[in-house]
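Naming follows writing order (A, B, C and D), and every chain is counted from residue 1.
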Amino acid sequence: MTTVSIVNVTSYTGSELLRLIAQHPTFEVTSVTGRSTVGKRLEEIFPFLRAGVPISDGRRPAIDPTLVITEEPAQTDLAFVCLPHAAAAEAVVKLLQRGMKVIDLSADFRLHDVAVYEEWYKHTHPAPALLESAVYGLCEHYRQSIAAASLVANPGCHTTTSILALSPAVAAGIVKPDVIIDTKTGISGGGRSPSLIYHFPEADEDVSAYGLSGHRHMPEIAQELTASAIAGGHPFEQELRITFVPHLMPMTRGILATCYADLKQNGVEPLITTAEVRVLYEQYYKDEPFVHVIDQPPHTKWTYGSNHCFIYPIVDSRARRLIVVSCLDNLVKGAAGQAIQNANILYGLPEIAGLTSLAVHP
Amino acid sequence: MTTVSIVNVTSYTGSELLRLIAQHPTFEVTSVTGRSTVGKRLEEIFPFLRAGVPISDGRRPAIDPTLVITEEPAQTDLAFVCLPHAAAAEAVVKLLQRGMKVIDLSADFRLHDVAVYEEWYKHTHPAPALLESAVYGLCEHYRQSIAAASLVANPGCHTTTSILALSPAVAAGIVKPDVIIDTKTGISGGGRSPSLIYHFPEADEDVSAYGLSGHRHMPEIAQELTASAIAGGHPFEQELRITFVPHLMPMTRGILATCYADLKQNGVEPLITTAEVRVLYEQYYKDEPFVHVIDQPPHTKWTYGSNHCFIYPIVDSRARRLIVVSCLDNLVKGAAGQAIQNANILYGLPEIAGLTSLAVHP
Amino acid sequence: MTTVSIVNVTSYTGSELLRLIAQHPTFEVTSVTGRSTVGKRLEEIFPFLRAGVPISDGRRPAIDPTLVITEEPAQTDLAFVCLPHAAAAEAVVKLLQRGMKVIDLSADFRLHDVAVYEEWYKHTHPAPALLESAVYGLCEHYRQSIAAASLVANPGCHTTTSILALSPAVAAGIVKPDVIIDTKTGISGGGRSPSLIYHFPEADEDVSAYGLSGHRHMPEIAQELTASAIAGGHPFEQELRITFVPHLMPMTRGILATCYADLKQNGVEPLITTAEVRVLYEQYYKDEPFVHVIDQPPHTKWTYGSNHCFIYPIVDSRARRLIVVSCLDNLVKGAAGQAIQNANILYGLPEIAGLTSLAVHP
Amino acid sequence: MTTVSIVNVTSYTGSELLRLIAQHPTFEVTSVTGRSTVGKRLEEIFPFLRAGVPISDGRRPAIDPTLVITEEPAQTDLAFVCLPHAAAAEAVVKLLQRGMKVIDLSADFRLHDVAVYEEWYKHTHPAPALLESAVYGLCEHYRQSIAAASLVANPGCHTTTSILALSPAVAAGIVKPDVIIDTKTGISGGGRSPSLIYHFPEADEDVSAYGLSGHRHMPEIAQELTASAIAGGHPFEQELRITFVPHLMPMTRGILATCYADLKQNGVEPLITTAEVRVLYEQYYKDEPFVHVIDQPPHTKWTYGSNHCFIYPIVDSRARRLIVVSCLDNLVKGAAGQAIQNANILYGLPEIAGLTSLAVHP
């Protein structure tokens, strides 16, 4: 068994880790921390966990609902850090010093360039020295580095959805460095703290855009698409021009990215057809257990509660653009599920361990 | 024109009053107060009101979106008080002293018996002397008294729905004093202050009961059903035995009450048939512009944004029970719309003035 | 491995069985039938199943998304029948004749008395001879008989929720034979066939009651509560008087029952306190892996996608009534999950096999 | 009074016309037609209309809920045609021959070029001779022509939202003829006929893209943006390159368009700042009663049930793009409300007649 701490378990990424680890064959949560909830039992915060109480035939799930929330994590093999940025980095430093492996779900170690971090997050990075050794935890791209890492910077939902959608095209050099990403996200992505914008009567039956003057996930997407271009042997000839606009949807889970990229041309024709681009995508993801290239527009509900991602590429031949629609569950492949997948890689386990559930549909 | 103040306009009942008064032929909102928003313009709090800006052809709506929120209301003919209980009573006292008529949307003046109030609200009533002159603002029952009142205690959504559903049966003496009321309410009934229970990811796709150990609206329902029994010439022979359980629904607006009452019997048969009870109900409400007795189960969405109430009575002959299903929009007939209807009565206007909209359906 | 057929897989109970069996250690779906979809692959009907394609590390889920839908089921150890009533009975007869064990998710074999069936379902029972040997598949009550059965009549969601809520009280003899059951159900309970009442713009933001003139699940609830009373040694002294009103909620999954029963009295006091009734309920369900007695009103979302049921009993001492609120996922414990639990019992497996998932929350 | 027919009243645009005309000072609905519902009264199809029954004080709404649905419309001054394309054109021909004015809510007369129509709609146009005299009913652009028209081709929701968002920029010549339009629409836009994609359990908690291989509203948007460019004195130098992707949202009403256009440049800088573009937009719409340029991202819920449109333009200076977010209620300004506005223009009434309601918010 591998012992696991969840730091700031009272976040939605924290409770989602509990839910998933309850299905995991070898991980066991032995320590959970909180901030205003220290001293409470997990089941007091998350009553649905009472369903996990040890049962009469001797089997027990990996989550003990009576586990008491503490201020500091116990010594465990692995820690998942679910704190907001800045607070996360400070916690990570301490955990690494104690010899624990860390998967950080915040944004603190995702950007390689400290100057970019400080420009977008408007504060001094608490632990810049760790940026070099931190590995970006997009499993599909970095599994070898992840396997050897101490600190994994787990990507968020907007970035995972967007990068998985565009990387095959960028790596193959079929598009110009000019992309627009329009994401539609469920409200759980905004976290567990109540506020007017997430108050049911305001958010229900409502759609809106946000972050139009510049969203923090944009530089992360730019960093990784640029890396994909290089990895594919087709580095961008100009700096990537990227517009990213997230939208809030009246639903709890799910994120869908609609990505638009200018196709390179062969004379007046686009370089590639829909059929060809689909083959290219299928080839790129052929060995991936969680990424599925399909031939129809995907629905976020196909991923509800699961670690799967669906991708649908199509060529708009009139406008010579590539359109890629991708979707996943923002709390699973976009957060806690990918964190488990990273942990599986860290511990040499099959990547699907604990992540075999299909979507809850309908 | 009648000048109107809205005290605590930043509540949902406050903004709903704005929306409805914008359609009113003779009311004009000239003063709005708030607590943490003093100094702001209405349009800063409610951006959708910008659609009300005076327009080029000279017409203007009754709401000026640039109206500035103040701490104290200006002198106006009428004030709607949208404060929580206790705070409401204190404001009402001052407004009456200034010679203004008041429609109070809180619970402070709904109960006639100060002891019952203090038992359920757990604090000393701030203005018990006013209880005698306050008129319970259920228009269908008290329009004559309302017309002559200075202070109208506007009923809430659970009570309006339940009392309208059960009063005809109680007044006709066809049921025993033994009722169960199971209400299903939209989340806007919980107000505009964010909290975890109303946080979208928690409330969406969820149904739950609350207030099971005793809900404050229960004594109010008991008071009014007892009054209906007396008014109908069939006073209860025993104290009314009433169970009231509200439930929270994953929707913004609408409330539906399912009411169960033991029918008196004629030997082993129930006293009355479904057809007879429908005639009785139709007769009771035959002159009411906003209460509609129908022959099929009603839907809350039939009332979305309107001041209408639908009522469906049926006899469960196997169990010798009367079942009455009623529904309305909790923010309109259950709050602000009924308040306007009361104001129309106060000023001798047609009761439907400003309230002629049909439901927004679908 | 146990081979499994799903008859009429294109229903929601059918697809839910696929989802659950994909997590089951020993069941394998080798045959699926449909009606208008014969010849199609599962993944054409349910694209989200493509996420189940066999993956590179050799593991495969128990569901093959390329399985072709046939008209008749193949010979398998076990069949789940997801047909509507009447059609179900006809299929069951044939399957039993072929020596297969059958779990029928329709209503055809739930009522013991053929006359009651024919009164409520308005047609001649297609296989009355089987009624005697069919076992009512409420696992908590009949696991011994189920273990020995060839044909299990799997209960539906309204009945499971209601019976689990009221049986402990009925068995203990603390309530009179006079109950009201008010259920609130998600729309997936209405099945996968589109119709105006389930059309999104009609059902969204709407609550309504239905089946008020007599719902088919009522005699089933009456049958089982009467059995519970006898089993507990407190048979009803009069015929059970029961009112049952289901309501449609604007959500996909989940059902919540609010049950009201008159408590027997000890003089003018109710016979029992909330604390005592909770102990009684905890005792009744103490060995159950899926039924959890709790001390706060439960939320349907606590059960989303899981086989768990939460029950909250409370005494309304003013009205001398027992109120019990219970909830579960209508497609899992209220249909496919309970069917798997029954199948586990049939094959001598731990009841929780394949059913260990916690709710997807939020 | 102006007498009005509604052809195919059982559509959502039909019932929305009823709702709006009920508030109109001079329009009276005297004839309604249907297809499978001939012979029924309006209140049988739309029970919520029973709230419109004539009331005791002598006032009556403009809608009579007992009006009987006929196969053919009566002779009235004006007809609104709510039929699907092709069927609409056939009906329009007959109505014009009878001397009635017609507002057609279908797509049949929106495209000026019959060849483009036949390419996208895949059938021969039933009345090409009328294309020349039909006026495109975007009130903000064509009110003078509309005033003199016999036949108005009322635009749909995707097109209205998109054209209002982009026209000011196109007319001012600040953007290149290269745009991407990503719309998010509520499900009522798909009409009142049930189908699996709009079945509540499928559409709830789900987001998806559709029409990616080419959506019929695209040529209409292209036609009108090209016209705006010419009208503004900045005709496109190349053919407009346009990508349009609609998305389905889990909500009933509302549409939001996020429009992306390449800004012309002044050297390496974009030609214009956000502040300048906002002034340009405010100037463009300064006399419009229903179009509001605002300084924050708008929410679809700000338009629920109203005829208002909110527009938010912003410059993405990093990527040198103009982003414009606009929203409205798809059934009001995107269909029936705009049709009433067109009818007001036709009859020389104030444009806001019958359309003064604010949004129902929250």
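Rule of thumb we're sticking to: a contact is a pair of C-beta atoms (placed from the backbone, for glycine too) under 8 Å apart; a residue touches a chain by one contact, two chains touch by 3 or more.
As the structure is a computational prediction, the values presented were derived from the model and not from experiment.
More C-beta pairs touch across one of C-D and A-C than the other; that pair is A-C. Taking the mean Cα position of each chain as its centre, D sits at the greatest distance from chain C. The centroid of the Cα atoms in chain A and the matching centroid in chain C are 36 Å apart.
Between chain B and chain C the centroid-to-centroid distance comes to 38 Å (mean Cα coordinates, whole Å).
Averaging Cα coordinates per chain places chain C and chain D 46 Å apart. Touching two or more other chains at once are residues 12, 186, 188, 201, 204-205, 250-253, 298-299, 301, 304, 362 of chain B.
Against chain B, in their complex, chain C makes its touches with residues 180, 182, 184, 186, 201-202, 204-210, 212-214, 241-243, 245, 247, 249-254, 256, 258, 260, 297-301, 304, 312, 314, 316, 318-321, 323, 325, 327, 362. Chain D makes touch with chain C in their complex at residues 12, 186-188, 192, 194-196, 198-201, 203-205, 250-252. On chain B, the positions that touch chain D within their shared complex are 12, 15, 18-19, 22-23, 46-53, 55-57, 59, 61, 63, 188, 204-205, 252-253, 287, 289-290, 292, 294, 296, 298-299, 301-306, 308, 310, 350-352, 356-362.
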